[in-house]
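Okay, so chain A shows up in both of these, paired with chain B first and chain C after.
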Partner chain A sequence: MLGEGILKGLGETARNFVGSYVSAERLTTIQYPEERIAPIEATRDFPFLVYDGADWEAGLRCVACQICEKECPPKCIYIVKSTDKKPDALGKLQIYPVRFDIDISVCMSCQICVEVCPFEAIKMDTQFELSTTDRFGGLLYDRKELAKSNEYYHSIHPIEAKKVDAHLAEEKMKADAKAGAAAAAAAAKAAAAPVVAKPAVPATPAAAPAGATQRAEGEKQG
Partner chain B sequence: MIEKADQIFVLLGHWLVSFLPVWLQPAAMVLLGVLAIIVTFPALFAITVLLERKGLGRMQNRYGPNRVGPFGIFQPVADGIKSLTKEDIVPTSADGVVHFLAPVFLVVVVFMGYAVLPMGRNMTLVSMDAGLLFFFAIGASTELSVFMAGWSSRNKYSLLGAMRAVAQMISYEVPLLLSSLTIVMMTGSLSLGKIVEAQNQYTWGLPHWYIFTPWGFAGFLLYAVATTAESNRSPFDLPEGESELVAGYFTEYSGFKFALFFLGEYVGMMSISGLGTTLFLGGWSAPLQILGWVPSWCWFFGKVMMSMCVFIWMRGTLPRLRQDQLMNFAWKFVLPLTLVNLMVAATWRFLGAGWERWVICSAILILVYTLMGRSGMRRGHIGPRSYRYAE
Partner chain C sequence: MAVAENKTEKPEGWNRPPVMKPDGEGELLEVAMGPHHPSTHGVFRMDVALDGERVIRLKPVFGYLHRNHEKIAEGINYLGSMPFTDRLDYMCPLTNNWAYALAVEKLTGQAVPERAEYLRVILGELTRIVNHASSIGFLIQEMGASGTPLMYAFKEREKILDLFEELTGARMMCNYMRFGGCRVDATPAWLDAVRKVLAGLPRFADEFENLLRGNEILMARTQGVGILRPELAVNAGVTGPMLRASGINYDIRKVDGYGLYNRFKFRVPLGEHWDVYDRFMIRLLEMRESFGILEQALKDIPGGPVMDSKAKLRGFRPKPGEAYGRIEAPKGELGFYLISDGGPNPYRYRIRPPSLINLTVLEDMCLGNNVADVVLIFGSVDIVLGEVDR
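Our next item is the complex of A and B:
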């Protein structure tokens, strides 16, 4: 009959009205500044730079390769390369960023910088309460403000951070193996140097690790 | 004591006026009444807006506003300050004078309707013999203000909204008048005071309200539909349909003029609810004889606020109609039913007292309603929406 649906609808809203006073679980609102919900694992807001160890400047994983700067769609990253080299977390001499600025008023939180970074140096933060009274300087973050420890990274994205650590450990093992092999090869070469008649025999073990290193680097890039 | 509580506002007025010279007293009494109306109804408007926002929130399982003051009760104050301090923008190509006059005209006209409403025993500002006629004449001129707003804004959304509003208001004006006509037929008077007096009688402690008769009940439902459309409320809020027309005829209004439109809309709703109360719900009379000691104005304002709550409830429930559905509903369903209801009322009058008229009149109304509803739904004039392309 005509009007039945209207009565049903009125009943439904009346049930909601009364129910919202009776049972609190009907209300889906989180009263934000007082109440909060924990962010989910995949939450992402703006990027930050990861560092290892205690000193943020020495432990910065970034090697100023500028891939993120080039890939950033809204061009919110600004990097100045250093002219000298510094040992990185693996102990290898690397270039480092003298300046690393992100303008988070421009950043669109797309995570592309994170995807392209070959050194696991830039990750997404979960901080979102970043409002400030200075809309130019206050939203332009330099490398000191961006640097956050690996422990912090573990605290906000535990699953992802564990994977990243495993990956970095593997890399380090390969690098160590490569360094070891290179050292062994050098030693062998040094040992073999006086024997001019047989150069081919020690060259074979040295060639194999070289190929392995190339593969490892390929994986890293991929 | 009970008498005093009932007449408190009248006595207060007389006491205040008694300080003035005699020749000034009648004019001062009228001015005082006008002042009371102008103060009371905007206050009720603030309460209604708060109720609406809280109520709609609860219907959608939200809290509603709860930040300003305890439980958010000072939200209307914050809203008022906001709209007063906002910039008043008039489009360059708008007709400035008409653009300014439209909200003022709306508010003036809407308040004039209260002049004839009996808000309690002896609490009518102007007890006019043709009060009902005056109310409808004044009520119909809100359309002019709406069209002034839409036309002078020089904006396509405003104009479309105004066109919709005028089409809708004129269409529903007819069932509105025809559904109230039954009351005039029964009472034999256009005076709202006499209509209330006619309902202020009791049999076995139960009131003689017109809603408790078959024709009165049908008339009340039809009146409710027509008033909802007249006051542009959901589900008939096409003139200001946010999703398609921004805000309809007041798209180009901001600041205090916007607030005036908002005020006019709600005060208009209250005045038309007040008329419905007077016509069908016994005006200021008590719902039971034993409750006769409660001051009469309590009943009037209580009934008006109850109808406002029903308006809010409907807004929380029903989605907006489409323009053709709206027109079909007005002309092909509501209007014929009001005509049938007029016949039924006449039948009721001439059948005389007895149980037969109850059975006959109810049977006719139920039969016509069912048949018209079925045929209308079958032919697609009324009833659930059907979509040709997006199924």
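Our next item is the complex of A and C:
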């Protein structure tokens, strides 16, 4: 019969229309600003810098190694290294970024900076309501705007953040053990030859964690 | 009305400015369909010469979305191009990732763990379902059924995109595959979520078929329209559902058996009438075959790592040489051709995009048809301009 197919199709539409009143499964949209869907843990949009402790400037994990700047495909990261050193979260002296800018109007949220960072210093945010009337300065984030606490990181990516913390604790333990062993060796050496020994010299290579050697390799390869 | 099936020869004067009708009487009407025509998504133009309603000449004009992807890729390292491949065919980012990863793995001789291969198959087939469902929706929309079938397709697409987001972090710009595996492992909860979505998909396919397949208007508009003869399809290098709708049995999943496709049982649907309706039906049937592949993959997926332990994320330099990695993307053969000179960047980076090459036969399919059918035939080619222009 001519028109049978059309009627069949219309029946399908009618079923869906009526169904939307009785089954919640057929209601697929929500009223956005008032209602929100539950956030998905793995969601990412723009990067931020993680800091430990209360003071964002002192606690930044970033050591300005510039790997992310080099690897960023659209080149939206701009870093200026410091000339002096200050103690980082693990308590050893490190270079820190004087400037760390990300132009999020250029950033394409690819997560490569997160993957290549050996210090777990840069992570992806989930905040997406970032519209501003200032399209140049307003979308160029400096390190103060980018710095977010580790607690915030835990609140948006709980599973991933736990893994990262465990990894960092392990690194710290290794570094401490290494430093302890080196200090003991230095002490023994100092006892054997008190004339040549200088306490500061053995402490420096011993304090360098796995990350620092990784960074040196990275610079060679890049 | 004569349709394109007996138009093997192009009419006189098809390649010069169509001032006069071929028979010398009166002028032809030149119409620029696009770039603002709704069916061309704002980035594609067809210069059509019309004799009344009949198409005498059609010239596709593209390049509005050119982004210099190939040259950029030659300037950055291998890893840096991966997120850019998402933006080629933005309806199916994961198959683009896969093709590129495959090419680099061939270049470096990198092995891929079994679990990663299974994940790739699962994601590739989910992508195929997303692409085919929405491409049918767009085709019907271009026919004039504005909205309903497209929204039905998008309802299902949303569920699959949520799965992508849960695993890869992004709905469309996934950037998930790496050389030697995948970036993150899938949790058992994610695999269960896929099973749950998959359980609902056959019902969606039935609903979609009920809605459209027997529709008399759709049949009248699509059957016998836009015929692509098999010999022309082969000569023009057309691939994917377009080629199979012309009756040629060529599926790279079967021919190459890349990944683990040799392990899965699935059939390749073929068209008999070579027209728009066949292309529409082939996509529906391929979706159903994908359900089968997904079921098998989800049943057999082994444990283990998703990244090869020897794989390097960055800073590797492949030996000088060349490699061509190709997969059966939802739109056809997607290939990446890489030449390495031993440096950290590819010396040459070339993409064989299925959309662009399938588009080359557009004129041959449209000649002699009505101008209203041009939109329909164009829709049945299923292109994404991000891939055509790169």
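Observations
Just so we're on the same page, the second predicted complex is superposed on the first by the 184 of 222 C-alpha atoms of A that agree within 3 Å, B and C clash if a C-alpha of one lies under 4 Å from a C-alpha of the other, contacts with A are read in each partner's own complex, and residues count from 1 in each chain.
We adopt the following convention: contacts are C-beta pairs under 8 Å (C-beta built on N, C-alpha and C of every residue); 3 or more make two chains touch, one makes a residue touch a chain.
Predicted, not measured: the structure shown is a model, and the values here were computed from it.
Looking at the shared chain after the overlay, A:E115 reaches chain C, while chain B stays out of its contact range. Look at A:Y32: by the touch rule set out above, it reaches neither chain B nor chain C. Shared-chain residue A:F136: touches no atom of chain B or chain C.
In the overlay built on the shared chain, the residue A:S20 is in contact with chain B alone; chain C does not reach it.
Once chain A of one complex is fitted onto chain A of the other, the partner contacts of A:M124 are limited to chain C, with no touch recorded for chain B. Taking chain A as the reference chain, the count of touched residues is higher for C when chain B and chain C are set side by side. Of the two partner chains placed by superposition, only chain C is touched by A:R44; chain B is not.
Shared interface residues of chain A, touching chain B in one complex and chain C in the other, are 2-3, 5-6, 9, 12-13, 16, 28.
In the complex of the two chains, the chain C residues touching chain A come out as 76-77, 79-84, 148, 152, 155, 158, 162, 165-170, 173, 175, 183-184, 207, 210-219, 313-316, 344. Across the complex, chain A is touched by residues 55, 58-63, 313-314, 316-318, 369-370, 372-374, 376-377, 382-384 of chain B. Contact residues on chain A toward chain C in their complex (touch as defined above): 2-6, 8-9, 11-13, 16, 28, 40-44, 71, 73, 108-112, 115-116, 124, 217-218, 221-222. Listed in rising order, the residues of chain A touching chain B in the complex are 1-3, 5-6, 9-10, 12-14, 16-17, 19-21, 26-29, 31.
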